[in-house]
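Here's the structure we're looking at; comments come further down.
Chain nomenclature is as follows: A, B and C, assigned in order of appearance, with residue numbering initiated at 1 for each chain independently.
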Amino acid sequence: MKVLERLEKIDRRYVFILILLAVVIPLLFPINFKIEVSEPVAMLYRTVEELSPGSCVLFSFDYGPSTMPEVYPMNLALVRHCFSKDIKVIGIALWPEGVQFGNEAFRVAADEYGKEYGIDYINLGYKAGGVVVVSAAAEDIATTFPQDYTGRSIEEFPIMTEVKNFDNIDLIVSFSAGDPGTREYIRIAQGRYGKKVGTGVTAVSAPAFYPYLNAGQLQGLLGGMKGAAEYETLIQQSGLGTSGMDAQSIAHGLIIFFIVLANVFYIAGRRKK
Amino acid sequence: MSTDPGVWIAAFLTMCILSFLYRDNPFYRFAEHLFIGVSAAYWAVYYYYNILQPNLIDPMFVQGQLLLIIPLALGVMMLTRLFPKVGWMSRWPLAFIVGTYAGYNLIIYLQSDALDQVTATLVSLVQVEAWQTLFQHPSFVNFLYAIGVPVVIMGVITGIIYFFFSKEHKGVFGGLAKIGIWFLMVAFGASFGYTVMARISLLIGRVYFLLHNWLQLI
Amino acid sequence: MKKEVPLIITFVAGMIMIVQYFVPHWPFSNLQQMFNNWFLIITVFALILGILNLLKNHIEKVSRRRKGWLYSIVLMTGFMIMGVAGFVWGPAEGRPFDWIYWHAHVPMSSTMFALLAFFVASASYRAFRARTAEATLLLVSAILVMMSRVPLGSYMWSQLPLIGDWIMSYPNMAGQRAIMIGIALGVVSTSLRIILGIERTYLSGK
């Protein structure tokens, strides 16, 4: 029993090392597990597929570096998907750090598909105020976002000539790491203006979005890095999401092993008492 | 290995923060404080370029929308909070923010998070398609899907009963509240599972940076 | 002046937002749009207040040589460098601001949160015990969801992803919806109390 007690009170730094190895080894030596696509992800993919070329979607970059490995791959995958279908993309951000990630996704995908800033896509930058920003933009984008993220008037850009408010937007996708984010779009854009809203959220917040999905308030839901990996599978362009799935699998297995082991010690200890 | 000095700086800062896993140390504290300072300046720059300039300075001083003097004055009043003697003035802009949020929230929460959710719960108890699938291919999983809607209705009602604290949780009411707790436990378990997933993903992102961008091993 | 005016402002701002929802025409729609624009501006001052407060505290810490004042200098140096890069060259791609963002801000911020992976693993080992029936239910749900959400799960048992989907879409969804409705009713009643001036705690303090 002394061995069990010792193991139960093991220095947590040993646990840290094991977790690090569970992530490093599969990244160095990939297993390439097959990724199965879940229905919430397929729903969003189908929604984008149904849009015709020339349609206009609004992407909201509502995340920052703290959740980059989860949300950025989704963001990039969706931008790639839209560009591949000649769909125009307008980017805005409810988080200041989101602007830079939106730019990066645009830059990577624009190089691949030969898209031009101001014609095929634009980044209108960040506004503070969450729900108020969404409500204001729904009525009048130009008043809310008179300039792009660098300070150039939006009148200079051809993409904005036909887009006045949410009436001219065919789909809204929020890449969200919390509030403000997807909920604001559900409550205002979907709830009040009846717009189609899809989302890519961090895994932490994904379970709380299932009621919206079930109620038809969301057109699709990507949850965490797994959601990104599934979308990458659908568009057949792998990225960080796909690369991370082996490590994710092994690390989950290890944590479950920890939980089971700790409970075996706990039950054994209780029986002894 | 990368030859980009930027990648080396990023790797150094990553290591500084990871060093906290061993114990709190000067490298971690250095990176922690640098992070806060850089973040604050990042926000300040975006507040200026993305809000103050396009929504206040240019419309007011270039296009002559003089009514914007009101939010400017309220904004400056907000800053009086830094000075205790006149700090009470910040209540005016705060009242505007709180009032606006309250007005919005009252309506949108009621519609999207209450009424729409109730509507989505009140659906047919028998999902014909799911039961047909069960009879054609009897299995435990198909059975779960066939009873899905009654499970949801039961879960939502008992979950709400659990949150109803004006009546003591006893008798039938207490029994239903107990079932509500079970549903909440399953939901919390799912949230925990997803939280683990999220945290591991963040670590994968950093390890990927170190192995791919910095060491170029993958 | 100190109490009455803020209460009137709260009432007017709140009521306009409510009324314009039901009457989305002139004058309420225009008032709403004007108030929305004002809101963006006022909110940013609140955020600037946060930054100024942070700097004030650290300047005080340095001037009084309080414990850890050297780190406060690091903080202010980081602020100055990033601030100068942003205000002098702007935030556009390829500028110094953008470079610092990608090579300092992003790695520090994302690593800070990546640390949580280690702590969640350690907590799973040390604190996640099946002490009661409810705790066991939580534990089983967590394990099933964790395994079903990764490719390894479907290799172990092909039905596991379907079971994971079922947990997420039915019992989890029901629990989350109950919580959501409870929160919504709480928010609605609190909002009403704020607009009517019954709830005034936000006016406390200087």
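Operating definition for what follows: a residue touches a chain if its C-beta (ideal position, glycine included) is under 8 Å from a C-beta of that chain, and two chains touch if they have at least 3 such contacts.
Everything numeric here is computed off the predicted structure, so don't read it as measured data.
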Identity of the chain that, by mean CA position, is farthest from chain C: A
Chain whose averaged C-alpha position falls nearest the assembly-wide average: B
Interface with the most contact pairs, given as the two chains involved: B-C
Approximate Å spacing (C-alpha centroids) for the pair chain A, chain C: 16
Rounded Å distance, chain A centre to chain B centre (Cα mean): 12
Computed distance of Cα centres, chain C from chain B, in Å: 5
Contacts with 2+ other chains: residues of chain C: 21, 37, 39-40, 43-44, 47, 90-91, 101-102, 105-110, 112-113, 117-118, 120-121, 124, 139, 142-143, 146, 149-150, 168-169, 172-173, 176-177, 179-180
Chain A, residues touching no fewer than two other chains: 16, 19-20, 23, 66-69, 97, 99, 127-128, 132, 135, 144, 149-151, 192, 207-208, 211, 214, 224, 226, 248, 251-252, 255
Chain B residues counted as touching two or more neighbouring chains: 21, 42-43, 46-47, 49, 51, 55, 100-101, 104-105, 109, 112-113, 117, 120, 152, 187, 190-191, 194-197, 200, 202-203, 205-206
Interface residues, chain A side, partner chain C - complex: 10, 12, 15-16, 18-20, 23, 33-36, 38-39, 64-69, 97, 99-100, 103, 107, 127-129, 132-133, 135-136, 139-140, 143-144, 149-151, 192, 207-208, 210-211, 214, 224, 226, 245-246, 248-256, 258-263, 266-267
Of all residues in chain A, those that touch chain B in their complex: 13, 16, 19-20, 23-24, 27-28, 66-70, 96-97, 99, 125-128, 131-132, 135, 144-147, 149-151, 186-188, 190-192, 202-204, 206-208, 211-212, 214-217, 223-226, 240, 243-244, 247-248, 251-252, 255
Interfacial residue positions of chain B with respect to chain C in the complex: 6-7, 9-11, 13-14, 17-18, 20-21, 29-49, 51-52, 55-56, 67-68, 70-72, 74-76, 78-79, 81-82, 84, 87-88, 90-107, 109-110, 112-114, 117-118, 120-121, 139-141, 144-145, 148, 151-156, 158-160, 162-163, 180-197, 199-200, 202-203, 205-206, 209
Residues of chain B that touch chain A when the two form their complex: 21-22, 42-43, 46-47, 49-51, 53-55, 58-59, 100-101, 104-105, 108-109, 111-113, 116-117, 119-120, 152, 187, 190-191, 194-198, 200-208, 211, 217-218
Of all residues in chain C, those that touch chain B in their complex: 2-3, 5-7, 9-18, 21, 34-35, 37-49, 51-56, 68, 71-72, 74-83, 86-87, 90-91, 97, 99-118, 120-121, 124, 134-135, 137-146, 149-150, 159, 162-163, 166-185, 187-188, 190-192, 194-195, 202-203, 205-206
